[in-house]
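Note that the chains take the letters A, B, C, D, E and F in the order they are written out, and that residue 1 is the start of every chain.
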Amino acid sequence: MTHGKDKAMTTVPITALDLPEADLSEDTRAYFAKCDEKLGMVPNVLRAYAFDETKLRAFTAMYNDLMLAPSGLSKLEREMIAVAVSSVNHCYYCLTAHGAAVRQLSGDPALGEMMVMNYRVADLTAKQKAMLDFAVKLTEAPATIEETDRAALREAGFTDRDIWDIASVAAFFNMSNRVAAAVDMRPNPEYHALSR
Amino acid sequence: MTHGKDKAMTTVPITALDLPEADLSEDTRAYFAKCDEKLGMVPNVLRAYAFDETKLRAFTAMYNDLMLAPSGLSKLEREMIAVAVSSVNHCYYCLTAHGAAVRQLSGDPALGEMMVMNYRVADLTAKQKAMLDFAVKLTEAPATIEETDRAALREAGFTDRDIWDIASVAAFFNMSNRVAAAVDMRPNPEYHALSR
Amino acid sequence: MTHGKDKAMTTVPITALDLPEADLSEDTRAYFAKCDEKLGMVPNVLRAYAFDETKLRAFTAMYNDLMLAPSGLSKLEREMIAVAVSSVNHCYYCLTAHGAAVRQLSGDPALGEMMVMNYRVADLTAKQKAMLDFAVKLTEAPATIEETDRAALREAGFTDRDIWDIASVAAFFNMSNRVAAAVDMRPNPEYHALSR
Amino acid sequence: MTHGKDKAMTTVPITALDLPEADLSEDTRAYFAKCDEKLGMVPNVLRAYAFDETKLRAFTAMYNDLMLAPSGLSKLEREMIAVAVSSVNHCYYCLTAHGAAVRQLSGDPALGEMMVMNYRVADLTAKQKAMLDFAVKLTEAPATIEETDRAALREAGFTDRDIWDIASVAAFFNMSNRVAAAVDMRPNPEYHALSR
Amino acid sequence: MTHGKDKAMTTVPITALDLPEADLSEDTRAYFAKCDEKLGMVPNVLRAYAFDETKLRAFTAMYNDLMLAPSGLSKLEREMIAVAVSSVNHCYYCLTAHGAAVRQLSGDPALGEMMVMNYRVADLTAKQKAMLDFAVKLTEAPATIEETDRAALREAGFTDRDIWDIASVAAFFNMSNRVAAAVDMRPNPEYHALSR
Amino acid sequence: MTHGKDKAMTTVPITALDLPEADLSEDTRAYFAKCDEKLGMVPNVLRAYAFDETKLRAFTAMYNDLMLAPSGLSKLEREMIAVAVSSVNHCYYCLTAHGAAVRQLSGDPALGEMMVMNYRVADLTAKQKAMLDFAVKLTEAPATIEETDRAALREAGFTDRDIWDIASVAAFFNMSNRVAAAVDMRPNPEYHALSR
């Protein structure tokens, strides 16, 4: 992390909250440097959580497991769930960051836009459509999920372990969307032009 | 953890999913034993996550930080947020487990029921009412949160760091409620009679 | 009705309204005494209506017919409808009083909690599930009830007379929930610990 | 009640349910005859309930008390609440019958239509507007009623006794709308042309 | 257009907006005169738009094409869509004017009322029911329309050209309802008594 | 319009409907050629309407007046309304085409994304915020618009003529969103990369 970026961090607010100045540990500085190297930026969500390293580590541990660990769902499919859920919740941060991820992983800019705007217009496999229908129903009306909804996923070809992952990713973004909304979290401007 | 309980674990399903058998590490067995000793049970949500210890650790790390670490919010207040959010989402697991926690921490069974049924009937301080109003709005309509909502919390006496905690707890249960709904997670029966 | 209870009645407000003092007739005093003897309390809803005996009699006549008269629905089933409807409307009074009734009539405390929290998680017969699905749809979206909804009840095994009773009980609690919400009616504290 | 009308009663279905044939008592026949004489018809809701005279009496006792007994609200105001509530619930029976009552009692056909279509366009006193705002909020979102809502009614000039009546009438039509929707109750055709 | 009516136009406000005085062209005066002759009035929506003749012409061109040009849908069916859509949106202007049109074109006053109050109670052909179900879904939840919805219309007997017309009429009244609501547009009083 | 494009028009479906082949008049061909020259494309919505030139002309007349004619609202502000409304309705076509217009007219790609995702996060003037709040309320709950809503616009600095324009643009996109949703209208792919 360069001095220039540290400066930007103090001058451009990432959230609407006035939180304690981050005093980053060596580990976190190294992690952020790796993000910067790999992604060309440190995602603002990480900077937002950095005021408390316990919270940052808990967030990244859960995020990395859900989005990057081996799963019956591809990384693109998990990003599609992230964006379809965030579209229901109209979350500016997550739509911007994960919309870019869908564009990048799919190489299909229009697909990213469809996930942001209305996943129902995308030309998906029946299996992927069932996955997003479940994720969106779980987002909009969690109390109404019944065995028939799980049965529909199994019929579409998902294992019970896949259902856990679909549910967990959809649920995680229902959390993340709300943290971002509550604190007015701002995405890194670099996302906007990515993979257009 | 007794043999009897291990047996119960295989015979009474905790979720509607058929997930891989948990092969618990020494650490997790010790953690569960500590839960059993302290709470008289291993909360089913932990057993549900135990099929994958990375997921279990990520969940417990985030949960323990949010609900137990030092905060401007008391543990009871965090449980009140948990239940008020879960009431909106009609989550059987979380209402049962965290409703019990509100009864226990407050010593006021009626308060637990009010959080489960409709937090608006409880006789709260103006500060606690503002806290729950924010948590419930964030749950029902996250996209509509604006600076005025944060200002209302500051006016009620919360610091920006408190706002982060209110938001994070409310957001976490929006996640948890959805995982529980998606997999039909069942609370330990012991909760029902606790602190009535 | 003991002197002590009369005193409680004036000191603990049952509603948020300042209504004329009840000047109970001999008949009503006898009725309240019978309640006290049978239930160990005079349900607060009766005290709330007692400021006008015509209203009290109209309420009890309708209530007793719907909930206690012979019907194709068992008393427990009628209480289950009452609670499932009150859960949609988040009515503190009715969830408390009728949740206790479900626990008592079923001998199953968890069933009472499920009705309060989310009837969809209960392990019901297909017939009872159809009954509650209809009652909840009638509560949430009465304008959308169509012949197919009645047909589903008939297919589940209900007669047309049963449909009338399901509809009437669900409709009645849509009334009661709203009177209770409008006046902030408070349940007798005794309900909380009943049949746990 | 003429023979011709008895015949009509069997040939034109009043509800979608096949209920036991009404075997009317002398009292009920007299009551129906009085309706016919005063209104030029027996309202179909009475015929619908007539299959069970206990239910009919409970219904008419409550209805007559709420809509006709002395109250701080005029009969027209109570009918306005009835129609504004039924408009939210899109109840064909109640909008038809009580829309006619508003036209008749006010001598203002446009006022009846406004209550049916959208009470917010009517040129009401501030007091009447507050009354209907409360009734409609109680209909749409009963769980969100708080002390501020009652305070608004008091500020508009209503007594606590009036608030009870506003609440009770609004609540009653939330019941009636749902019985009518559930059984597809049909209004007497005579209502359509009344007081146009 | 008589002098008397011109006067009415300035004294009875048609909208809540204070818009520039209409300075009608010869063409528009002729068009209004023709309306007056044919309908016995100049519909207020035309007077409302008349402050800007470009807007008036654009509105009437679209309206006349949609509602009067040849189509697989009868004029009555198009008016039924107009009213069913306006019922969802509780639009006083459109329900009044087009409710009258349904009564007039069908010769069935009750049908007009059913469209205003709840189209689901009308005794329609399966084809007409499918048409209104689509129009109402498109009104309430446009984002959820999928190929299955169009397939249902085709199955009911509609061509793709008919689907365009159903969609266009339903969409047009979603526009009109909102212009009327935004400016508080008032229907001509003559509509109320028409074809009762 | 080149031969290549004509071919594309038949091979890439613009809507899900099988409508009559467009037999374009000389005027329309000239209009489309002008679009192509000015915008680098013929917007698909025009091609979609081209199966019936009366409909096409009515649509373009209204569209051009609303979006391009002199108004107290800038062209950018009208596009912002278009996108904020389309975001509520999750309309893929309009969000894509008009999101591009906001990016282009403002020279601010992030502003376009904010309008698509959640207009509340944009750093707007109080006047523009009031404008979009009104447009979105009119979209979500037209029946609840009251004089206070118009008063808020006047207080923010809008004239009554401006209110007409805000209402008309918001209402128009409530129409357009629904036509696009009903027929699954597809935007020109060129929009995606515009002004990023």
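Here is the rule we use: contacts are C-beta pairs under 8 Å (C-beta built on N, C-alpha and C of every residue); 3 or more make two chains touch, one makes a residue touch a chain.
Given the structure is predicted, the values throughout are model-derived calculations rather than measurements.
So which chains are sitting against chain A and chain F at once?
B, E
Using the contact definition stated above, find the chains touching both chain B and chain D.
Output, common partners of chain B and chain D: C, F.
Tell me, please, which chain's centre (mean of its C-alpha atoms) is farthest from the centre of chain F?
The chain farthest from chain F, judged by C-alpha centres, is C.
Quick one: chain D and chain E, Cα centre-to-centre, how many Å?
Taking the average C-alpha coordinate of chain D and of chain E, the gap between them is 29 Å.
If you average the CA atoms of chain D and of chain F, how far apart do the two points sit, in angstrom?
44
If you average the CA atoms of chain B and of chain E, how many Å lie between those two points?
Their C-alpha centroids are separated by 51 Å.
What parts of chain D, by residue number, touch at least two of the other chains?
Answer for chain D, listing residues that touch two or more other chains: 90-91, 118, 143, 145, 184.
Tell me, which pairs of chains are in touch?
A-B, A-C, A-E, A-F, B-C, B-D, B-F, C-D, C-E, D-E, D-F, E-F
In their complex, what parts of chain F are in touch with chain E?
16-20, 54-55, 57-59, 61-62, 65, 69, 89-91, 134, 138-139, 142-143, 145, 147, 150, 160-161, 163-164, 166-168, 170-172, 174-179, 181-184
Considering the complex alone, what residue numbers of chain C touch chain E?
143-146
With touch defined as at the start, can you tell me which chain F residues reach chain B in the complex?
118, 120
Help me check something: in the complex, which residues belonging to chain A touch chain F?
Of all residues in chain A, those touching chain F are 87, 90-92, 95-96, 109-110, 113-114, 116-118, 121, 184, 186, 189, 192-193, 196.
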